[in-house]
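Have a look at these structures, which come just after this line.
Look for subunit A in each of the two complexes below; its partner is subunit B in the first and subunit C in the second.
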Partner chain A sequence: MTPAIEVRGLCRSFRQRGGLLGQDRTVVAVDDVSFTLAGGGVLGVVGESGCGKSTLARIILGLLPPTAGEVLVEGRRLAAMDRRARARLIQPVFQDPFASLNPRRRIRDIVAMPLVAQGDIPARQVADRAAEMLARVGLSAEQAERYPAQLSGGQRQRVAIARALVLRPRIVICDEPTSALDVSVQAQILNLLAELRRELNLTYLFISHNLAVVEHVATEVAVMYLGRIVERATADALFRAPQHPYTKALLASVLTPEPGLGVPDVGLGETLPDPANIPPACRFHPRCPVAEPRCATTTPHAIMTAGGAAECLLLEGAGKP
Partner chain B sequence: MRQAGLVLGGVIVGIALLCAILAPWIVPHDPFLQNLDNRLAVPFWMEGSNPAHLLGTDQLGRDYLSRLVHGARISMLIGVLTVVASGLIGTTLGVLGGFFGGRVDDAVLFAITCRLAIPVVLVALAVVGLLGSSLTLVILVLGLLLWDRFAVVARSTTMQLRNLDYVAAAWSAGVSTPGILLKEILPNIASHLAVVATLEMALAILLEAALSFLGLGVPPPLPSWGLMIAEGKDYMFFSPWVIFIPGVTLFIVVLGINLLGDGLRDLLGAGDTR
Partner chain C sequence: MSTSDRGAPPARSPNPPRQSPPLLEIEELRVTFGRTAAVRGASFSLEKGETHCVVGESGCGKSVTALAVMGLLARGARREAARLEFAGQDLRALSERQLSALRGDRMAMIFQEPMTSLNPAYTVGSQMAEVFTRHRGGSRRAALDRAADLLARVGITAPGMRLGQFPHQLSGGLRQRVMIAMALMCDPELLIADEPTTALDVTVQAQILRLLAELQRDLGLGILLITHDLGIVARIADRVSVMYAGEVVESAPTAALFAAPSHPYTRGLLACVPVPGKVKREEALGSIPGMVPRIPPGFTGCAFRDRCDHAAPECAGAVPRQQAGAHEVLCRLPPGWAA
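Let's turn to the complex of A and B:
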């Protein structure tokens, strides 16, 4: 069976101007990322800020051309499709519902926009389908007449979801869909997304830095570090038995509700990684709490693990006597 | 207090627009009718004034109030048409440059730089010298030369918007590029452009008055305010009102337009987008 999404060797770098005297720098946001995702699955992509997860989302959406590599959706090359055909297959839900809705358009027009853009759907049907979708995400006909500024954050995110699903796409790219919302609203939106996935048989690429959210929704998880997927496993295996030291650190960094413990120390040091200056060999070795001298000289390759694969030299060593 | 400026500006501009539209029906006399027996009659606040000519008459005996009201017609016509023409040119260039960036933006920036290097009065002088003065020509010259601020503002605001998620969402939804520009970008920069439009309108009216004063604008006997000042300047020592009245009118109307623009900026800036 052809996977819903197949990503092959995706790379994306940006040139950063150094100004009058400085040197131009190349920022590598996504570095040779490959994965496949079966239809109906939810791939959670996690990692800290600047690890390239949003860039990956924008490439898969076709908002950003990759420097190398290609994206296949249901076996067809995304780059070869025109924008309207692509819109019928893949749709985004963005992070900030205050920035993702045009403030000058009514809710019903926002939701009808993808249908209108197709150009061959009769106006009558456009209105009906938009109204139906709005009702499905839990918004009233009266709210459809309003402008985005008159809705709450959670309601706006429902509008964004309705807009994404009104064309009945196969794949939805959720780029941190709940991180701009109040905690009380987050669960409602996550449940809505889960219900809709079952009903409409959707495939999600779910990007988040919130591990609790990913554990809740994802069937598979990819951990990104400085543009690479360093560990990939089924959600069960990854949360039960993380293999890569970075994944272990990420899981350990989750705040506990217990008072007095404060922010846990995960042994990563205090420097943030710089995507313009990626360390050689294993890119994680300067921050890795269990790094060995060989980590600074040898580039790790993906090693099969119980539930997936991870890129770490120590795992390679573990298999040998 | 902020609202006061907006209201005052709106009232002044409203009156000027009403005068411009209704001029032929509200004026007491034909503005072109000369009466050499009744030259330089004094306005109402001076002794010996004639109630039939509230603002007196000019050096050819034409009713000054009628000419002033008809002058609003010329000023508003020039102001509005210039803003429409320059707004279309400038907004189109600015939005295209800001949205596409790269080569397109380089070309737009080059066009703006070229435009800024052209002195408006010198071009008007040359064009009038070649083609003779007419109202159409003044509108054309100003309309084709005053688009730079529209372009700069449209370009910078479009650049801010093009990276917003709702533009990305429209792109992902398969909306065509013209559709995105017209429905996602344009409505959201319109408030900024409205402010520029008021500034440009005031500038166009002032420039027309200046050009007409120099004899390069509207040809006589059309009653342009600048032309009225120019024609009255020989009589200013004994009949100062002939330049005082159109001068003050010009000042008040331009002030009103600027007040309206400032008020609009505050109003739209505060309640804008989010």
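Let's turn to the complex of A and C:
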């Protein structure tokens, strides 16, 4: 079966101006990323800020050309598609719906826009389909007449979801879709996204810094560190038995609402990852609590694990952690 | 780790003598902004060396409560309280000048976004030194030495170099550490932290929270921590107050609150949080329908009743505050209804 998304050797770097006296720097945001995601799955992408997860999302959406590598969506090359064809296949839901909704347009017009942009859908059908999708995400006909500023954060995120789904795409890229919301509203939106996926047989790429949320929604998880996927596994395997020391540290940092456990010492030290200055060999070694001398000199390759693969020298042969 | 040059206060005893007044005591605090009642009769107290978390969603009045304590409310806000005391001192009786002598000195505050409280035009060192010399006098040199000590104390390596840097040259996690170090410049007794880790990565969040807990243990700080995150509450609070629409709807020692959450809102909030290993993947999360209402002055009854599964006609009338030991709930439901 053709995977919903296939990504091969994806790279993306940016030039960062050094300012008046500083030197220009090259920021490597995505570094040789490859994966496939089967239709109907949810791939959770996690990692700290600056790990490249949002850049990856923008490349897969076709909003940003990769420096190298390619993206195939349902077996077709993304780069060869025109915008309209791409919009029918793949759609985004971003973190802050307020920034991505035109404040001067009524909700019904915002949701109808992707249909109008297709250019060949009769006006009557446009209105009907937009209204139907708005009802499906739980917004009333009366709310459809309002402007974004008149809705709450959760309602605006419903608008963003309706707009993403109105063309009946196959894939939705959710980039921190609930990060700006209160927990009670976050739960409503996560439940809605789960229902819609089942009903419409959607595939999600779900980016979040909240591992508890990812654990709840994802079927597979990719852990990114400084532009690379350092561990990839089924959600069950990854949360039950994380293999990469970075994955372990990330999971240890999650503060579940269980009293008496205190705040864990994740052992990552003070240095923070800098995508403009990626360490040689294993890029995680300066922060790794279990690094060995060889980690600073030898580049790790992906090692098969129980539920996926991880890039860590300690998983190779003897020195198993 | 270096210790402060003024000497760390003795570690707190397990049973602080009860005759001294609480570090912070708030009774029936009310704050209104025009037609909106933001805080409606909130009461709680904080002991020295204790961490008290105020938890709730946006618009519940938790930040306004903190600002009201610090005397930092915006113009046009009205503050009333039956009692508002810091270490036995009535904060309402202080002039703006006396309050400002207290702020940054005996009580300090850190905010979610350090960039809003750090001045981008001055180096870290000069801002930290200014806090100290303003409140305690002394030479700039001595103040800078103390700043360097504190930067080291909050886990910043090469503090000498950091003192000469501007805020924009630091990462978010480092800025938050600088904010904490700056708040500690005058050895405060009370630290109010409003969502101190919300803008940070989980890894850095864990480091900052460990740091706060460690500082509290070493310095005997009282911490009032405001957060929306029940995970943080569970891990660091001694006592929790859950706020909803300007009221403390439930207050209890942390273990008791999580063992037997009793207000329908607290229970709803807890059900919304996905917990790895506890909530099954295909199962829907619990959720609370609707959203936090805006409450006008003079509102009566339970503010949660429109979203509550257990609402009854009498919820529109006066709501009893029920108490079982140290566990307080503002709800008509009998204690133990949820068991």
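The rule is short, and it goes like this: the second predicted complex is superposed on the first by the 309 of 321 C-alpha atoms of A that agree within 3 Å, B and C clash if a C-alpha of one lies under 4 Å from a C-alpha of the other, contacts with A are read in each partner's own complex, and residues count from 1 in each chain.
As a convention for this text, a contact is a pair of C-beta atoms (placed from the backbone, for glycine too) under 8 Å apart; a residue touches a chain by one contact, two chains touch by 3 or more.
These numbers were taken from a predicted model, which means no experiment stands behind them.
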Combined model on subunit A: subunit C and subunit B, fit or clash: fit
Residue contacts on subunit A - larger count, subunit B or subunit C: C
Which of subunit B and subunit C A:A235 touches, first, second, both or neither: second
Which of subunit B and subunit C A:E70 touches, first, second, both or neither: neither
Contacts of A:E316 with subunit B and subunit C, given as first, second, both or neither: neither
Partner chain in contact with A:F98 - subunit B first, subunit C second, else both or neither: first
Which of subunit B and subunit C A:D32 touches, first, second, both or neither: neither
Touched partner set for A:H209, first subunit B, second subunit C, both or neither: second
First (subunit B), second (subunit C), both or neither touched by A:A194: second
Inter-chain angle, subunit B to subunit C through the CA centre of subunit A, in degrees rounded to a multiple of 10: 80
First, second, both or neither for A:A117, with subunit B first and subunit C second: first
Smallest separation of CA atoms, subunit C relative to subunit B, angstrom: 17
Doubly contacted residues of subunit A, that is, touched by subunit B and again by subunit C: none
Residue numbers on subunit B that touch subunit A, as the complex places them: 164-166, 168-176, 179, 183-184, 187-188, 273-274
Subunit A to subunit B touching residues, read off their complex: 58, 61-63, 83-88, 90-92, 94-96, 98-105, 113-114, 116-118, 149, 160, 163, 167
Residues on subunit C engaged by subunit A in the complex (per definition of touch): 57-58, 155-157, 171-174, 201-207, 209-210, 213, 228-236, 254-255, 257-259, 268-279, 281-282, 284-289, 291-292
Footprint of subunit C on subunit A - complex, ascending: 48-49, 152, 154, 182-188, 190-191, 194, 209-213, 215-217, 219, 235, 239, 249-266, 268, 270, 272
